[in-house]
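Next up: some structures, all given as C-alpha cells.
Shared between the two complexes below is chain A, which pairs with chain B and chain C, respectively.
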Partner chain A sequence: MYGWAGQRLRVDLSTGTITKEPLTYEYRRKWMGGRGFNSDVIYNEVPANLDPFDPKARVCFGVGPVSGTAAPSTGRVTVTCKSPLTGGFGDSNMGGHWGAELKYAGYDQIVVQGRAKHPVYIWIDDDKVEIRDARHLWGKFPREADQMIKEELGDEDIHIVLIGPAGENMVRFACTFNDVWRAAGRTGHGGVIGSKNLKGIAVRGSGTVKIANPKAMMDVCNRLRQAFKPDPMKIGLYEFGSLCLINVANRDGWFPWRNFQGGAHPLANNMSGETHAKTVLKHREGCFACPICCGRFTHIKEGKWAGEEFGGPEYEHAVPTGPRVGILEDANDIWHNARLTNDYGMDGIETGGVISAAMEWYEKGLITTKETGGLELEWGNAEVVDKLIPMIATRKGFGAILAEGADRASDKLGLGDKGHYYTLTTRGMTLPGDDPRGLGFGYGLSFAMGTRGGCDHLRSLCCLELSGALYPGLNTRILGDERPNKPVTTVGKPYMVYYEENQKATTDCLQVCCFTTHWCYTVLTPDQVEYLNAVTGLDFTEEEFQEIGERVYNLERAYWARQMSGAREDVVPERFTTEPMPQGVDYQTNVGVVFPLSEMLKKYYKYREYEPGTGFPGERKLKQLGLDYVAKDLAPLRSKYLSESEKKKKKYYY
Partner chain B sequence: MSNGKALVYNQEKCTGCRSCVVGCSLYHDGECGKVVSRVAVVRNERFGESFVVGCDMCTDAPCAAVCPTGACVMDTVAGITKINANKCIGCKECAMACPFGVINMHYKTGKAFKCDLCEGRDAGPVCADWCPSGAITYTSPNIAFKAKRRVKLMERLEAAKAGEEG
Partner chain C sequence: MAIMTKAQAKNFAEMDDFMLELCDFLKSKSVIDATTHRSILLKGFSRMVECLQEKKVISAREAKEAMDKGFTSLVYSLAK
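What follows is the complex of A and B.
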C-alpha cells in the first residue's frame, strides 16, 4: 500500500486487549487520515452523555497518508477525545517526530480505551505491542520520564508521547507531549489520558512509507523546498520562531495585555523573537521533515531563573502566562512560566487564561484573598504566578478550583454572569493570545465558529487576511477577490473562513504543518493535491480535497449539535464586541475598533448551509457529504434545541 | 577530487528536522524512511541538541580498506567511495569499520549501502540542497574552513571587546 499504513491499532487498557483493524480503501478515501479518522471514531464511539473521564471514553492519535514522507513538515499528530474542558468535541495537534515514527511502525491511528489498574505505558516496536508498568514514572515531568523509558528500553532514538503531572491529576486542560517538548496543547486530552492510567506511548518504527510515484514526488518536493528558501515568513519563523509575531501583534493591536483589556504595550519588545534570539536562545529546533524550523530551545542565563532550560516557547505558549497576566517587565519570568507549564504538562493558553480571569475577578473585587487562600492576584505578580502554576497542576488550594478551567471555576466560586464576562471563552475554552479587534475579523468569526470548543486560531487559520503586505495577489489567487487581504474589515471574510476551515481540516487530515500552508503560503492546495497523488498513486482533485475537509468539519459541528450546542453558542466574549480597543502605544493601528461579529454570521451560515434557527449542519449538506447517519441523529434534536426550556439554559460548557 | 567539493556538516546549525533523511531516502530508494537513508540525525530532545551524521568521504577510507570483495572502493578521481551492490556479499565489515556509523545494511537486499553524493543529481546532494538551516553544505572544504576561521576569529574579538567594556 502506498502512503497509508492501512492499519488502526486499538488498545483496551481495562482488558489488556490489543487489536489491529484494517482501514479500507473506501474509509481512507472518505476520511483521509489523522484528524478525519479521529473525528469519525469519536463521533461513533463516544456518545454525547458520556463523561470524558469515563473508562469507556476514547482517545485517538492519528497520522495521515503523507506522514513520514518528504513532503514539507510531515511529522504532525492529531490527538482527539471528548474534551473534559468543554465537554464537547476536542482535538489538538502536535509536531515533533513521533508521528513519522508511528507511520514507520506501520500504523495510521491508535485508539486507546478503558482504564488500566495501575499506571502503564504502551511500547510499540513495529508489530510488537505491549503494555508496560509505569508506576515508577508517575509524577515525573515529561523530560524525566522520556529519559527513563529510553534507558529502560535500551534505545535513545525512539520517540515517546507523554503526559505530565497535570494529566495524571486530571487537570481539565492538561496536554500531551511528544519528543518532550512538542505539545498538543488544547482541549485537555492530557487529563483523559491520565484518567486511563496511561503515562505515554513509546514507538520504534523501522519501516518506510512507500511512494507510488517517486519521480513525481521528488519533483514536487524539490520545487516546494526551493520555494521555501526565500519566503519572508519562513525566514522570520526560522530566525525568531513564532515570537517573531510579538512586535507585529503590538503594532496591529492584538497583543493580549491583561486579559485583553489592552492590545499593545510599550514593553512588548522585551519578549519579542528578536530579543529572545539575542538573549536566551540556545538552539533552533525542527519537527520532522520541516523546511521552516520554527522550534526554539531556551536557556535562561540571568536572574532568579538562571540555568533553566526547556523546549520552546512559541508565541501562543509565551503570551498567556506573560502579558496576559500582566508580566512583561522581565522576560525571564515569562520564559520561566512557559517552562513550568511545559514540565507540569498543561496547556499554556488555558493556564494563562484561568489565571488572567482570576486576576481580573480579583481586580474587580469579585474575589478576595479569602477565596484565593491568601494569594494576592495582582496583575504582573510573577511570584504568585510561579506559585500558582504548580498548585493548579497538583490541584492544591486555590489551584484546585482553577484546574477545572475558567468557566467551571467561575461557577464554583459562584460569580454568576459577571464572572463569565471575564473568562474570555466560548464553549468553555479560553481564547488564544490573539485579539480579533486587531488580528482580524476573519479570525474573530473563526473564534465563534470553531469546532473544538469554540474559540480557536487554528480552525480556519485565515492568515490570508494578514497577507496583503507580504503576499500581494494571494487572496485573488485563492479566493478570487483581493479585498479581504486586510485584517480589520468584514469584506469577504465569511467566505474566507468557510474556505479556510475546510482547507485546514484536510491539511490536518494529511497531518502536515499548517505553517507551510497558512503562514508561509508556499504550499497551496494544488501542491498538496500533487504530493498526495504522488504518494498514494490516486486521483484526488482540489474539489475532493476541499470536500473531505467540509465533511470532517460538519461531523465535528454535528458532535456539538448532538449535545445541544448550536446557533446560540456562536458567540465571542462580549469584551470584543462591546469594548473599543484602547490605545497602548502611539503607533498602534486599531484604536477604537470593536469586533462586528453579527454582520458576518449570516453570510457564513449560508456558505456552510447551517440551519438558521438551530445552527445545526443542514440535512441537504450532510447527505451530500455522505453523512446520512448524522442527519438521522440530528433530526429529532432540532425541535429540542429550539424548545423554551433549552433556550433558558446558559451554557458555558457541556 | 575532481570538483573539489564535499559535504560539510556544521553541527551548531542542525535543527534535527530530518529533511535530509527524507530527501536522501526518496532520491535513492523511491520510498521514505530513516532505515534507507544514507544520512542520519541524532537527537537529544531533553537538551535541545541535534546532530547530523553523514559520510565524510575519508581520504583513507576504513570502509574500503576492510572490504573483502572490492565492492567498497574509492574512486580517487571523483573523490567518492561507493559500494557496488553486485559485488557486496553483505558481510557488514564496512559498517563496522566506519568511524561514524553511516553505513547501513539495506532491509530489502541485505547489502551495505552508503552515501554517493547523489551522483548525477544536477543540484548536488539532496541533503545539502534541502537543509533549511545550512547545517549541511556541499562546498569546497577549504572554502568552508576559511569562512569558519573568520567567523570564529570575529567571535573571539567580540568577546574580548565585550570583556573590556564590561
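What follows is the complex of A and C.
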C-alpha cells in the first residue's frame, strides 16, 4: 500500500486492550485521513447524549496519506473528541514532528477509549505498544514530562504528545502539545485525555512511507519548494511569525482590544512581530518538512520575567492574554502569560476569552470582588492575570468557575443574558482574536458556521480576503472576481467561505499545514492533488478532493444537528453585529463598521444546501455525499428542532 | 453564442455573489448538466470558463478575457 499505513490503533485504557484495525481502500478513499478519519469515528462512536468525560467517550489522533513525506509541511495531526467545552463536535490540529513519527511507526490513526485506573502513558515503538505507569508524571508541565519520558525510554529522538496540569484537572479548554510547544489548542480535548488518566503518547517509528511514484513526487515537491522562496506571506511568516499580523490587525481594526470593545490601539507595536524579533526572539523553528518556519522561540531578557523561555507565541496565543484583557504596555507580561498557558496546558484563546469576559462582567458591575474571591479584575491588571491562569488550571477559587469556560461560568454566576452578551462565543466556544468588523466578513461568516463552534482562523481560513490580494488573479481564478480581496465587503463571501471550508477540510484530511495552502497560496488544490496521486498512485481529481472536504464538513455539521444545534445557533456575538467599530488609532480603516451576518447567511445556506428552517444538512446533499445513514439519523430530528418546546431552549453549549 | 440577454447580463454583473445563480442559469439553459454544475461549484470560476470554452459557448479569446477580468466580462460575452 502506498501513502497510508493502512491501520488504526485502538487503545482501551479500561481493559488494557490494544487492537489494530485495517483501514480498507473504500474507507481511505471516502475519508482520506486525519480529520476525516477522526470525524467519522466520533460521529459513529460518540453519541449525542454522552458526557465528553465519560470513559466511553473517544479521543482520536489522525494523520494523512502524505504525512511524513517531502510535500510541504506534512507533520500535522488532528485531535478530535466530543468537546467538553461546547458539548458538540470538537477538533484541533497541531504541527511539530509527532505526526510524521506516528506514520513511520505504522499507523494512520489512534483511537483512545476507556479510563485507566491510575495515570498512564502510551508507548508506541513501531508495532510494540505498551501502557506504562505515569503516576510520577502527573502534575508535571509538558516540558518536564517530555524530558522525563525521554530519559526513562533512553531515547532523545522520540516524539511525545502530552497534556499539562489543566488537562489532568479536566479544565474544559485544556489542550494537547507535541514536541513540548506545538499545541492543538481548541475545543478542550486535553480535558478528555486527562479524564482517561492519560498523560501522553510517546512514539518511535523506524518505518517509512511508501511512495508510488518517487520521481513525480520529487518533481512536484522541488517545484513547490522553489515557489515558496519569493512568496510574500512566507517571507513575513518566517521573519516575524504569525505576530507579523499585529500591525496589520491594528491598521485594519481587528486587534482585539479589551474583549473587542475596540479594534486598534496606539501601543500595538509593543507586541508586533517586528518588536518581538528585535527584543526577545531566541531562534526560529519549523515543523516537519516545512518551507515556511513560522515557529518562534522566545527568551525574555529583562524585567520581572527575565530568564523565562518558551516555544511561541503565535498571534492567536499572544493576543488573548494580552490586549484582549487590556495588557499592552509591557509586552513581557504578554510573553509571560503565553508561557503560563503553555506550561499549564490550556487553550490560550479560551483562557483569554474567559478572563476578558470576567473583566467585562466586573467592569459592568455584574460581579464584584465578592464573587472573584478578592481579585480586582480591572483591564490590564497583569498581576491578576498571572494569578488567575494557574488558578484556572488547578481549579482553585474563582479559577474553578472560569475553568468551565465562559458561557458555563456566566451561568454558574447567575448572570443571565447580560453575562452571555460579554462571553463572545458561538456554540459555547470563544471567538479568536480576530474581529470580523475588520478582519473580514468572510471570516465572520465562517465564525458563525464553523463546525467546532466559534471557531478560529483555522476552520474556513478564507484568507482569499486577507492575503488574496498578494496573489494577483487568484480570486478571479476561484471566485471570478477580485473585489472579494477587500475584507469589509459582502461581495463574493458566501461562495468564498463554502469553497474554503471544503478546501481546508480536505487539507486537514491530508494533514498538511494550511499555512502552505491558504495564508501562502503557493500550494493550490491542483498541486495537492498532484502530490497526493504521486504518493498514493491513485487517480484523485480536483472535484473528488473538494468533495471529501464537503463530506467531512457535512458530517461534522450533522453531529451538531444531532445535538439539536442548527439555524438558531448560526450567530456571532451581538457585539459584532450591533456595536459600530470605534476609533482606536487615526489610521484605522474600519471605523463605524458593523458586521452584516444576515445578508450573507441565506446565500451560504444555498451553497451548502442546508434546510432554511433547521439549518440541518439537506437529505439530497447527504445522499450525494454517500451519507445516507446520516440522513436517516437526522430525519426524526428535523421537526423536533422546529417544535415550540425546543425553540424555548436558548442554548450556549450542549 | 448568446445565451442570455444584455439585461440578464447586467443583472448578473450587479450581483454580490453570482456563482450559484450563474451555474443554475447555465443548467436551466441546458448549457451544463448536473455533474458539471457540481464540478464548477467544487472547483471554482476557472472550471466554469473552461467548460464554456469546451462547449464553444465562448471563444478562446473570451475565455482568456474572462480569466483576466472576471465574471463581469464573462456574462457580457454570454450576452453577445
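As a convention for this text, the second predicted complex is superposed on the first by the 650 of 654 C-alpha atoms of A that agree within 3 Å, B and C clash if a C-alpha of one lies under 4 Å from a C-alpha of the other, contacts with A are read in each partner's own complex, and residues count from 1 in each chain.
Just so we're on the same page, contacts are C-beta pairs under 8 Å (C-beta built on N, C-alpha and C of every residue); 3 or more make two chains touch, one makes a residue touch a chain.
Not measured: the values here are computed from a predicted model.
By the touch criterion stated above, A:241 is placed in contact with neither chain B nor chain C. Touch criterion met: A:221 reaches chain B, while chain C stays clear of it. Looking at the superposed arrangement, the partner reaching more residues of chain A, out of chain B and chain C, is B.
In the superposed model, A:313 lies in contact with neither chain B nor chain C. Of the two partner chains placed around the shared chain by superposition, neither chain B nor chain C is touched by A:348. Touch criterion not met for A:263: it reaches neither chain B nor chain C. Residue contacts after overlaying the shared chain place A:297 against chain B, while chain C stays out of touching range. On chain A, the surface touched by chain B in one complex and the surface touched by chain C in the other have no residue in common. Of all residues in chain B, those touching chain A in their complex are 13, 15-19, 21-23, 25-27, 29-36, 42-50, 107, 123, 129-130, 132-133. Contact residues on chain A toward chain C in their complex (touch as defined above): 473, 476-482, 490-495, 498-499, 502, 525, 542-543, 546-547, 550, 600, 603, 606-607. Note for the complex: chain A touches chain B at residues 68-70, 74, 97, 100, 104, 143, 146-147, 156-157, 179-181, 206-211, 214, 217-218, 221-222, 225, 228, 234, 238, 282-293, 295, 297, 309, 311. Across the interface of their complex, chain A is touched by residues 16-20, 38-39, 41-46, 48, 66-72, 74 of chain C.
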